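Labels run A, B, C and D following the written order; every chain starts at residue 1.
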Amino acid sequence: MTHLIDRSVIDAHNARLQRDLDSDYAHLGEQLARRGIDIETVRAQVAAFGVAIPSWGVGTGGTRFARFPGQGEPRHVFDKLQDCGVIQQLARATPTVSLHIPWDKCSDWNELRQTASAYGLAFDAMNSNTFSDQKGQAHSYKYGSLTHTDAATRAQAVAHNLECIEIGQKLGSRALTVWVGDGSNFPGQQHFRRAFDRYLDSSAQIYAALPSDWRMFLEHKIAEPAFYSTVIQDWGSSFLAAQALGPKAQCLVDLGHHAPNVNIELIVARLIAAGKLAGFHFNDSKYGDDDLDAGSVSPYRLFLVFNELVAAAHEGVPFEPAYMLDQSHNVTDPIESLMTSAAQVLRTYAQALLVDRQALDAAQDGNDAMTATHLLKQGFQTDVTPILQRVRLDAGGAIDPVGAYRASGYRQRVAGERPAVVGGSGGIV
Amino acid sequence: MTHLIDRSVIDAHNARLQRDLDSDYAHLGEQLARRGIDIETVRAQVAAFGVAIPSWGVGTGGTRFARFPGQGEPRHVFDKLQDCGVIQQLARATPTVSLHIPWDKCSDWNELRQTASAYGLAFDAMNSNTFSDQKGQAHSYKYGSLTHTDAATRAQAVAHNLECIEIGQKLGSRALTVWVGDGSNFPGQQHFRRAFDRYLDSSAQIYAALPSDWRMFLEHKIAEPAFYSTVIQDWGSSFLAAQALGPKAQCLVDLGHHAPNVNIELIVARLIAAGKLAGFHFNDSKYGDDDLDAGSVSPYRLFLVFNELVAAAHEGVPFEPAYMLDQSHNVTDPIESLMTSAAQVLRTYAQALLVDRQALDAAQDGNDAMTATHLLKQGFQTDVTPILQRVRLDAGGAIDPVGAYRASGYRQRVAGERPAVVGGSGGIV
Amino acid sequence: MTHLIDRSVIDAHNARLQRDLDSDYAHLGEQLARRGIDIETVRAQVAAFGVAIPSWGVGTGGTRFARFPGQGEPRHVFDKLQDCGVIQQLARATPTVSLHIPWDKCSDWNELRQTASAYGLAFDAMNSNTFSDQKGQAHSYKYGSLTHTDAATRAQAVAHNLECIEIGQKLGSRALTVWVGDGSNFPGQQHFRRAFDRYLDSSAQIYAALPSDWRMFLEHKIAEPAFYSTVIQDWGSSFLAAQALGPKAQCLVDLGHHAPNVNIELIVARLIAAGKLAGFHFNDSKYGDDDLDAGSVSPYRLFLVFNELVAAAHEGVPFEPAYMLDQSHNVTDPIESLMTSAAQVLRTYAQALLVDRQALDAAQDGNDAMTATHLLKQGFQTDVTPILQRVRLDAGGAIDPVGAYRASGYRQRVAGERPAVVGGSGGIV
Amino acid sequence: MTHLIDRSVIDAHNARLQRDLDSDYAHLGEQLARRGIDIETVRAQVAAFGVAIPSWGVGTGGTRFARFPGQGEPRHVFDKLQDCGVIQQLARATPTVSLHIPWDKCSDWNELRQTASAYGLAFDAMNSNTFSDQKGQAHSYKYGSLTHTDAATRAQAVAHNLECIEIGQKLGSRALTVWVGDGSNFPGQQHFRRAFDRYLDSSAQIYAALPSDWRMFLEHKIAEPAFYSTVIQDWGSSFLAAQALGPKAQCLVDLGHHAPNVNIELIVARLIAAGKLAGFHFNDSKYGDDDLDAGSVSPYRLFLVFNELVAAAHEGVPFEPAYMLDQSHNVTDPIESLMTSAAQVLRTYAQALLVDRQALDAAQDGNDAMTATHLLKQGFQTDVTPILQRVRLDAGGAIDPVGAYRASGYRQRVAGERPAVVGGSGGIV
């Protein structure tokens, strides 16, 4: 296994923190024992939990107004993988990477797979891109891709998705995530029902090409880049499509893709019950598809999503959600944001595991809202930091990943290797 | 047929306006002819269109803070019917009334049906009420009705719905609208999946009792009265339920029951395509379920909904939506609001009929967004008032219903017959 | 001091919990010491913090659809005071009560003040009511109160506010909260500028009657009961009015009174800087003015508000916010909700006190967003339960107020004394 | 005056349409006369109304996901001016252009001014850009511009604004529009009060440099590019800043920059009353800052804004709003969108002029909401197309600008002169 960060840096860092961790962990164990919870069981569950990193997440993101690159921006998929390797080495919560085609195209997929393996990384869902044009592309996606009125453009978009599957098979991926921005900016521009039919038709061709052990994740979004209507605008449309396609098609939930005020955890429950929950793109949002760091603005909302997941698992509901971070890191070092966000996801999972499900059942049955909600809060208010730290430490990572990362000088090192990127305007000009 | 408003009042009113109407109608006919539209065809379609009045709509509405009754508030269902009769006599757009049980309970349903008939009215969908407790009720709906954790409470709610069907059969109704406010105010209070399962189970019992020619309309709503989660919170959940129940169950769209920014006309298109559009509760909203007068704030949104309906009818999609006004008249005379709102619905329908569907198809196929949206706007910007006036005049109504109503002195008359109602606080205290 | 709950019940309850509290408190003290924080200092600050209870909050709330009363509903202001006394005895965080006129009118204000005093309670801001009509009222508020087009109606509303001040002076209150629902339901119904001018004119008359040591709190709200426009619809209008009135007029922030997505803590910061922050009506909301329990849905948002307050206090900004809970308890025992919500407010205050302000300043100056946000999260993630428990215990309250309350049988006792209240519909019918 | 489109094309086009126009105009005149309105007076008012075009609006816009350029994209400010000239020649509603620095920098401002003059164009407000970095810029705006924690960065941003004023003076502009995206993506990242103070300090330096006959327009926006907080996030903060700066500073309203559900026309009324309305950036939005074509989605909302403007002018309130289109044309030919949008603005203005202000006053005073709202609707429902067509015809433009434009072959012509632009991703990668 390739060590991207010198072990001695991590060890020295951990050494300074371990005494406090031991004290905190012991006291937390005592507290949890009073509630009838074995901290070791929780720790084992958290240790087994992983969330994927999107390859594009390690580069600095931007808006339509501008992008402000940082130092040492990754130049290609190998640089991106290396950054993901650092994240996994320190934070031990992100064992897989999700690629985006064509952004991550390379000449030797076998080499890529071996490189990943050396970093302790495997490949999660593949992501296709039919929301922007690539150089030399025969047909433009200006007016749509899988739903375009022109058959040749749809065929091109389908073919691109098939290529993503093909690449994914070489890398050991087992899922294809399909997000299309197709929609319209003017009332009347698009025939709603026909566009949806074209979506189903194109998607069926992709579905037909799925290997038997693959799944197809349909991702809905209320708006952007289309600002009047979007073809797969909500979970209802996503569900209709997934149902039409077949059992391997499921609905992916991105936390920032909903209308204001929508109760996302309730949608998650519906999709679980319908056997159609594909998984998640984790991030946080205050205004729209803000792609902020997971749990950075609404940590309790994230907890309520995990509460649904843990409850379903507790009740033996069969489901297998895929977890990925999907964030835009505009003002932070992406590596720091991704380590912190992965930890936030694990923190939230751990907190949801602490909820007394039996007592909750009783409170719900008895309509004791006060007790029921207190049981959730009790989990959420518990500071599970010691569990997270211990999981990382046990796995060879850093008790404090950001601290160790800063101490390592990794960013400065790659800034010397990778040429500076000039910022500029975003999509508007 | 009972004339509630003296014909001479209407005739005198119309006499003053007819000359201008004739001139405007002739010029509009000429304008439409240039576009290849026969005004008489449009007139006939508008004349055949009707929208139901909810019986509760003729009383002054209120908020949780207060209700400020007007003069001559209807005392019982017979008073309400009479007010609906006035609306239909003058505005000629509302041939049916939708009852709410138990608010509209009476001792002789046969008498009610005959009275309605004398006013030229028939009965639309029946509405059940399990969102408030009635005197002497065995089980409270405080914590839910069809989804209550207690089986006896659910059974009571089911029985109430069966009674509504029974009454509806006596009145010639052919549909039952089920709206439940069931949900929760606290995270954890309700087990989302179990509550939905209980909803399906209770609803299946109601569905089983539907006469063969009836439909069951499921009405979704994002929130209120439950403020954290609602069982049928959106069209996705409504669709899941309607699909589980069977072909007679369909999804009702109330324009005020969605999250902010949601594209309602797109939902309408999805439900049409899925064969699950039950119909509409028309009203307008700026903030939430405001129950403002239809088209009073967002007339173009209403147009875009009708554009979907007219397009689907034009293409021969089989569907039969039910239309009802569902508004809360807090600061106007409900009779005036209902006449005006019905006219607004007809206006919008007429405007949607004017869209050149063939040209629109071509623009959509060619991705000519500018032309496509202009074709919709062309319909919307046409002042179809002369068509509406002529339809009313031809049917024996008033060219200007509000003017004729005010001239008739009806409100003052019933104010003398019906005792004054004292206002007061709403639900909060 | 009158003990409404038997001390022995509380003592027995506390006795069972104290050992764990001592252990938790000691460990938390150790943890905080590592961060350079003295737990005793924090404890003292939390012990000195109080939040007012609105008298109407101890009754079960409702919506426009229905109200479902609980057992032992308070009959009058003395019953309400008694319930507030229980809350304060057990939870020790709510030393004041805020009255609502005319709901809380009584024949002997002196007796009321003495009763309150015996419960250890004083009186917070007075609340006027011009959003619903009272029996025998000369002029209706159907079309507005302080902004009504009719001068006599405005004069009546002004007089009512003066009466509230008069009563408040008898009770030792020092502020008047003015919330008006005045606005419109239809475009065109109200002349926006003239309505605002009338608001200023009426308010100036109230302002002129304020005793020298009083403040006037202006409360804004985006919508409801008016659903197209509201006169004081946001903090901008509230600020304009407060500025026009004078230094004793300030802007009150109710957490549920804003448009979706609005950053409330940023508004708080603006009002602090402008010297116009009156204080808060605490509650939580997911969809609108839901009046859910404070911090029950968005606890981190509440924290971010307190972060602004603690920061301003830390920097010596002169301000003196008033704190009140303003919630509608529809499905819980109001006493339990109020004790829990007050504790949530104190918890959040305590967490905000833990933020390292010096480090935060440095991170902000250096644009280290990751560190800055982590410093806030560090405070928020700390489980300060032991501090809250210790504060209550030290003050003679219950370590676990809800547990002690349930053990006391208080609700069953008053259910025997106070007649059952029949539920019913809300404002809609 | 340079004719960019051959007069014969326009004349031929008009010739085919004039007969119908004459008939429609005559009938409309007759209809308006019945309402006591002189169509010639309205025509003259509409003819005198102009709305500025933003120079960047003639290029194809994009999102953070992608930009899909069209044919003949303008290469520089002279190309942009030429496109604006075409728009003005055909649609006769856009006599001014608003420049954006540095995008529109050129080597000879005098030449630019003369070119504009030849096209019949003058220069509206200048727009500065401190939301993206320019090549060779000393300090990055990644963490802010006017509010940056670093004094040198703030100084650079101030200097850029001073340069914009300087350029504007050369061009005959009389206003500077300042929009900053400054804000934060994480709770804690920015000290709210200090950032606002820095904004005031920097803005005061710009304000001090304003020529005596210039105004400074402050533009607020709820979010984007900053997704947790924005320094000038709403009209309240904009007003505070404008008030602090002085009488030449006013608040600019962009229709897409508000929280969901917000009543924009009410904000307009408040700013008019406070003497702080700078003017408008017209566009439409369904989800956020969508920058859709003005009135394309919510035409009645635009009407309600104009209703405030016309009412204030009618009442003699002193104000002088600046009007500009600010849209992103992603799927249409920008020239077509801008001509259509300008016509939509004029249409809406004309409709607002038709409202019977005296009758409206009476209805408002008498709380006759039904009549009041009907008076607005009466204006809005009037099809004023003949007035717009006649105004264009009289001024030498095209009765149907889009039709004449398509007939002229202008786009094909410039596509031959201007090199094709390759599309690509937006800000995200």
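In this text, a residue touches a chain if its C-beta (ideal position, glycine included) is under 8 Å from a C-beta of that chain, and two chains touch if they have at least 3 such contacts.
Remember, it's a predicted structure, so these values are computed and weren't measured experimentally.
Should one ask which of B-C and B-D has more C-beta pairs in contact, the pair is B-C.
With centres defined by CA atoms alone, the chain at the far end from subunit D is C. Simply put, subunit C must spin 180° to overlay its Cα atoms on subunit D, rounded in steps of 5. Centre-to-centre separation of subunit C and subunit D, using mean CA positions: 43 Å. Subunit B and subunit D have CA centres that are 39 Å apart. Shared interface positions of subunit B, defined as residues touching 2 or more other chains, are 142-143, 184-187, 189, 222-223, 228, 260-261, 263, 286-287, 293, 296-297, 300, 331-332, 367, 369-370, 373. Within the complex, the subunit B residues that touch subunit A are 142-143, 149, 184-194, 196-197, 222-223, 228-230, 233-237, 239-240, 258-263, 265-267, 269-270, 272-274, 300, 304, 307-308, 311-312, 317, 360-361, 363-367, 369-370, 372-373, 375-376. Interface residues of subunit D facing subunit A in the complex, by the touch rule stated above, are 56, 59, 61-68, 103, 131-133, 135, 140-143, 181, 184-187, 189, 222-225, 227-228, 260, 285-288, 290-293, 296-297, 328, 330-332, 422-429. Touching subunit D in their complex are the following residues of subunit B: 20, 23-24, 27, 30-31, 34, 260-261, 263, 286-287, 293, 296-301, 331-333, 336-337, 340, 347, 367, 369-370, 373-374, 377, 380-383, 385, 402.
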